[in-house]
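Below are two complexes that have chain A in common, paired first with chain B and then with chain C.
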Partner chain A sequence: MSSNGGVIHDIGFRHYDGPRLGRGYLIRSLYVESLRGCYGLGRSAKSKIMPFLLLTVLVAPAVIIAVVAGVTSMKKLPVDYVGYMFALESAIAIFLAAQAPATVSRDLRFRVMPLYLSRPLSRNDYVAAKYGAMSTALFILIAVPQTVLFIGALLAKMSFWPNAKDWAAGLLGALLLSLVLAGIGLLIASITPRRGFGVAAVITVLLLLSLVSGALASLADINGHPDLAGYFALLNPVSLVQGVLHWLVDADVSYPQPPPGTTGGLVFTAAMFVVIAGCYTLLLARYRKVSAS
Partner chain B sequence: MNATVAGLTWHSLVGRRRALLLFVLPVVLIALAVLVRLVSGESSGSATDLLGSFSLGFLIPLLCLIAGTGAIGPEIDDGSIVYLLAKPLNRYVIAISKWIVAIGVIVLFGVLPTLVAGFILAGNQDGVATGFATGALLAGVAYITVFLLLAVITRNAVVIGLLYALVWEAAIGGYVPGAQTLSIQQWALAVTEKMLGDSAPALGVDSAVGLTTGLVLLFVVSLGGLVYTGFRLRSIRINGEE
Partner chain C sequence: MMISVENLTKRYGAVTALDGLTFAIEPGVVGLVGANGAGKSTMIKILLGLLPATTGGARVLDLDVATDGPTIRQRVGYMPEHDCLPADMSATEFVLHMARMSGLPLTAARERTADTLRHVGLYEERYRSMGGYSTGMKQRVKLAQALVHDPGMLLLDEPTNGLDPAGRDQMLALLRRIGTEFGIPMLVTSHLLGELEQVCDHIVVVDGGRLLRSTSTADVTSASRILAIEVNERVDDLGRALHAAGLSVHPAGRQIEVELVDDSTYDIVLDTVVQLGVGLHRLERRRHRMAEIFRADPTLDPNGQNLQDSQGAPNGVAQSAAAELQQRWASTAGPGAPGTPHHDQRPDEGRQR
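So, the complex of A and B:
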């Protein structure tokens, strides 16, 4: 029907001969709309409440810290950029649990997947756009408060380079954490067309992993296997990223033990990439044969 | 109590994938209990740690969130609740039927595993197993009522429930002692503390509220919440998707 991949079904109306925007445009639109949807933009006022409430929960402490640092002219921020993000990890997890099902479950529930896929948009494009949108939404959620802290530090006339370096480390952490969490959240959410159940399932899996790995780690630590305790952090996606950051940028670890040495760092980094790639592959597999089930 | 409504609710709660999630949680609890028992031996201290944090602090609230909102939330979400409400049934009966089924689910997947895990970890010592199981049951009933009511009131029941269980009870309750007075977990812990008797201080079980306050609040919330749920069902408004 057309030469550059556009499709308009001929149902007997007047023909369209204008320019076609093609597949790239479709992916871009789906990405932008999904990202806006994660924050409830373009949706009803009700669906804006939750994401912006959680964004406030994350940003408000940073603003307070920045103002206090400026007023009392501190020499150094009381929290570091990476530590700030892990201190508020439960708010990040709730954001993921609330918005991952909103991103993918609706399309399944209202059975609009066939409509998407009857366009030049392929399954892989759909998954890429959704994964990109979800991780960008998480990245914004984590990076905005870090940037607020950075601006606060500069306004308080703290030295530029150490802060810029830590801020960059924080952004790297935000990127890694959002990629890992978005993958896990979307994978779980894509299994169910029910939003409420998706929310509960995502948070249950994240909490369960963190509790189990915490219990196993302290058990190993008490019984005198600190190395083993370090490796149990692999089970929890959040402490996995924490371990990687500990190795890469020497971030503090809230766990009983950080991953041991270079080997530990390499293992954690490899595990993190396996998690990201694995979630992406499983998502592709999930959408290979998609039904609302 | 209406058997048909109860049966339908039961199927929607434990049917298909939902059941998987419901099964995984108690299995993990028992597995952890067995592991701790094998590594550290029988001790009421480790039993208190595991049951207090994993069972009362995580398993029960989350199971109740899934069962309480799942008992009615999806029906309201997809609008099929109108077929139920169009039947000549008292709305209070509908609420009570769903409530009882949800409590049954909690007993099966939350309270009994807590009891079993308690026996695995501590045997018969100090009444740890029965103490925590009773606490779990009472907390479960109150949580179920609150989450069922939330599901009737709002679309965002699951997220609000999570904010209550994770942020209010766990995080804010940890820093602001006053917040613990409004925590179902603490009310139930008061009962557990009483049942553990003299060994409670040694095990570190210390509720933020007294026994009478805890029991009264549990009772008021459970009964009041259930009545209000029925009342809200009488004049529920079915909205379209957001």
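So, the complex of A and C:
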């Protein structure tokens, strides 16, 4: 070695005979690192801009609503917890489009995969950790403003139980939407090592699905097929989750028709689980093909 | 045995990457040499248990690659040939993460990350994003992530790739240090035989997926019976004089090689140099060079022809020129003109026995 600073005292190489933890620890470590990465923590300053900007976009209105509610002593919040999440769905979609490639495309682009695979971590462990990290990042993004609203409601001395119940419904919605969107986003981003392509592809797919399903639902509704109009909401992952929440916690839907009755609710719920499981399975299949070199 | 390979074959469809390799190596610094595409990277992937062998098998640290893949991967460190560093992360963050991915608890991972980066020679720059690193720094980080969990063995794929001569020497010195001082055995691949002979205890040569040689470098590069002499002037006169004194003389560029019979050979050489009054720059026992393993064995597989040629051709020219010079000296044999002895350098200083 040539770059001897002159002041660094070499105490020699020390061997390690402490514990070497197993796969569970590896998955947890990768999960934590990826979750931090979703918010640009432990990355360059530039990587932090986008996620924190979007987090601000989601939290700021909630803070304003909470303050206004407190100052004007409202009896009830002007928005409900589930409705707030869907009102800002585009910001959530942008977060997904920006951070899904940062979570998986990055490892393909910089060819970090061989380093993971040359360690005891398996391909399936990798998928589990990444899916968990992306879902958690989305959940934090959605749940933080909901919690701000809830705290605001309590500070404004609104009644506790109705708010707590709605807040819990909101968190359930946040969880379901996170799982669905994370699956779709990661699946698309895992195909390309290019970050830019990943961002564009995720946005395009979400936008197209929303446009097509919205247009079809409106057409069906105008032409007198309300049930069909309800089912067209299945095509859009966001309205899919909205439909499930309508059935489960009586949330408002932004589509002309909600899922028809119990059958509709069951169909939407089943479809949602198929999407989550399907994305996960396809991700596993995708990562079986990723080269170890 | 650190690595033992038994009749190992790997085919990708119609392409045979490895063809019936069998060898076994003791722990130490081991070089795996071959041209690009000789099957070195395939071999490493099989040893890591990431790629199944088509036929045959291999054992790493007495573990079977086919069944004990996860255990092997916990105990070895792997440095790939290609870039594998995320540009938006600092070396510290990255190596810390990789240490945890090898199962080290957070505190131990932090400590060992700092230690390891220092050992590979990364100081202040380790807090900067790796996107701005030079190739030399990147190679050091790649080595650090393989070394951080104190592996039982290192698999290093072309660690000197892309480095300038100075960086190459530093990397080789570092590898030698890891192998001897740190006591971590390793398998190092390279397409350059010359650089591996400096650091390796054992060399495995593959070409076109076949085994050419598996030898200890000590065998090959042990001191030979050749004495190399370098003087500041009148090389030809010295050659003639030594020939006249009864030594077997071969010119070798600006040096002269004489066959070492016994200790009296040294005396004859020194006396002759003093008589001629020339300055003696060097007097040393030649070591064999690894390149000779290619020339030494004429029964090499025809697949090895290109390797043999690339090493052998310049030597062929040199040898015929040498033979010519030798004849000239023999014909004009006679004592060189005596002159005043002067001592550019004390002859004994260059003397190595």
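Criterion: the second predicted complex is superposed on the first by the 273 of 293 C-alpha atoms of A that agree within 3 Å, B and C clash if a C-alpha of one lies under 4 Å from a C-alpha of the other, contacts with A are read in each partner's own complex, and residues count from 1 in each chain.
Assume contacts are C-beta pairs under 8 Å (C-beta built on N, C-alpha and C of every residue); 3 or more make two chains touch, one makes a residue touch a chain.
Since this is a predicted model, take the numbers as computed values, not measurements.
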item: First, second, both or neither for A:R286, with chain B first and chain C second; value: neither
item: Which of chain B and chain C A:K48 touches, first, second, both or neither; value: neither
item: A:H225 touches, of chain B and chain C: first, second, both or neither?; value: neither
item: Which superposed partner A:R194 touches (first chain B, second chain C, both, neither); value: first
item: Shared contact residues on chain A - chain B and chain C; value: 43-44, 46-47, 106, 110
item: Chain A to chain C touching residues, read off their complex; value: 1-3, 5, 8, 12-16, 18-22, 25-26, 29-30, 33, 42-44, 46-47, 106-107, 110-112, 114-122, 292-293
item: Residues of chain A defined as touching chain B within the complex; value: 43-44, 46-47, 49-50, 90-91, 94, 97-98, 106, 109-110, 191-192, 194-197, 199-201, 203-204, 207-208, 211-212, 215-216, 219, 222-223
item: Residue ranges of chain B in contact with chain A within the complex; value: 17-18, 21, 24-25, 28, 32, 35-36, 39-40, 50, 53-54, 58, 62, 65-66, 69-70, 73-74, 77-78, 151, 155-159, 162-163, 166-167, 170-171, 241-242
item: Chain A partner contacts - residues on chain C that touch it in the complex; value: 41, 45, 48, 50-51, 70-71, 73-74, 76, 78, 80, 82-89, 93, 97-98, 100-105, 108, 112, 115, 118-121, 123, 129, 131, 145, 149-150, 166, 170, 173-174, 177-178, 181-182
